[in-house]
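Could you have a look at this structure, given as structure tokens, before my questions?
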């Protein structure tokens, strides 16, 4: 199951090259992750604040295919990848429908930790919610 | 007493107009505040983590005089303004020495709160450190 | 006429205090400005790229009333203030409907320039579009 | 030859987890790249503005080993990787000397383009400057 997140490129996200600065794609991936969790019945905030389980980013990666511009309407497609007891992988596509252009693809890998940074297992409840709609 | 903070403009701080995006000046002001505290013998981090006193921003203001560009070497001059038991004011100038240009001026007003957001008085220790070198 | 822009607070917009970093409000104000232009029949991008008229920020100001948090659904209400031949003022309110809370208010003042940074008058077309729905 | 760039973590770079938001590492990598070019005798700005050659980011990647915190003094170590006529690779380490901790490692791959986004070869002058000190 793919989650789609719509966004419009902000002026502040551009740089002097006239295109979106590459670091912002990781912020967009995060919007996608957030929406994926919400679609499956929980907020990431709740997991963090109530269950004291955090998804710390362990790796991130992006391949930039085509530049994105100010005011572009884009879609981030987020998919759950490998889900283990203590880690989870998400993959992303950033797409511009108006021109049928793939803008970027990427992945992030996360480790589940408690607020003190110690690795822990993902709470069963969230693990189930993440997987049951696959 | 004025605190001087040197910085070099980052590529990511520019926007498609080719100049620094105006929101970044507030981040630079924060560097100035941070350095002012450090020069006067304490870290803002320490006040926040040890004394549980936070300087929440209540107002911020900036007047942009001349644009700043990628790789510009700038100086932020930070001064302590009005210091009260529960609030403090800082003022700033952003200056480019190489061309003798005033880039921007600004102010921020802060309220002292505890981590829960309740207004409190500034710990005496930090208040003294802030004022003793005026 | 007030333009309303909906946004959801991004994780990357928060800071270690657990609230939205104050510099991000200026990015939200910009979303509001952008939407106000769009609602009145033109894109800011078009004015910049086609007419070579830029709205350079000359002053910005924000008063923070109540903190905003990750995942908050907020509304930015943007209004056109004083419109002159070479400058324009916008005012903003950031509001959280779910708790009926005013989060912040602010203003920005802009000077109309050409791409070289020289002050010019606002193209008649955009000036008309901005005012005709007031 | 390794280029070392010192930086201090900014408050605005932290997120509600209390650590540096992962997207900022890519901004730090960019500081490292910038300094590497400067150490080898040219500014990236000059290559972009004078020679009309841009290093567009084609891929970026980061592995986060240990969190970074507000006020941390860090070093970015940047190395030139594979240099081809139309692409260049940089690799990075982010390191905290005070605790002898590796914070992160990463790579970015860049394609040389003209301002219109068409792939071109890197100007001979910059190519020589980049390689002659290896």
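A, B, C and D label the chains in the order they appear, each numbered from 1.
Here, contacts are C-beta pairs under 8 Å (C-beta built on N, C-alpha and C of every residue); 3 or more make two chains touch, one makes a residue touch a chain.
Note that the structure is predicted; figures quoted are calculated from it, not measured.
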| task | Considering only mean CA positions as chain centres, point out the chain farthest from chain C. | result | D
| remark: Check: interface with higher C-beta contact count, A-D vs A-B, is A-D
| said: Rounded to a whole Å, what is the gap between the Cα centroids of chain B and chain D? | reply: 27
| query | So, what's the distance in Å between the C-alpha centres of chain D and chain A? | reply | 23
| CA centroid of chain A to CA centroid of chain B, Å | 32
| task | Would you pick out the residues of chain D that each touch at least 2 other chains? | result | 11-12, 23, 27, 30, 70
| note | Per the touch rule, the chain D residues reaching chain B in their complex are 10-12, 27, 30-31, 34, 43-45, 70-71
| message | With touch defined as at the start, can you tell me which chain A residues reach chain D in the complex? | response | 17, 22-24, 26-27, 30, 48, 54, 56-64, 67, 117
| field | Residues of chain A defined as touching chain B within the complex | value | 11-12, 14-16, 18-19, 21, 23, 70
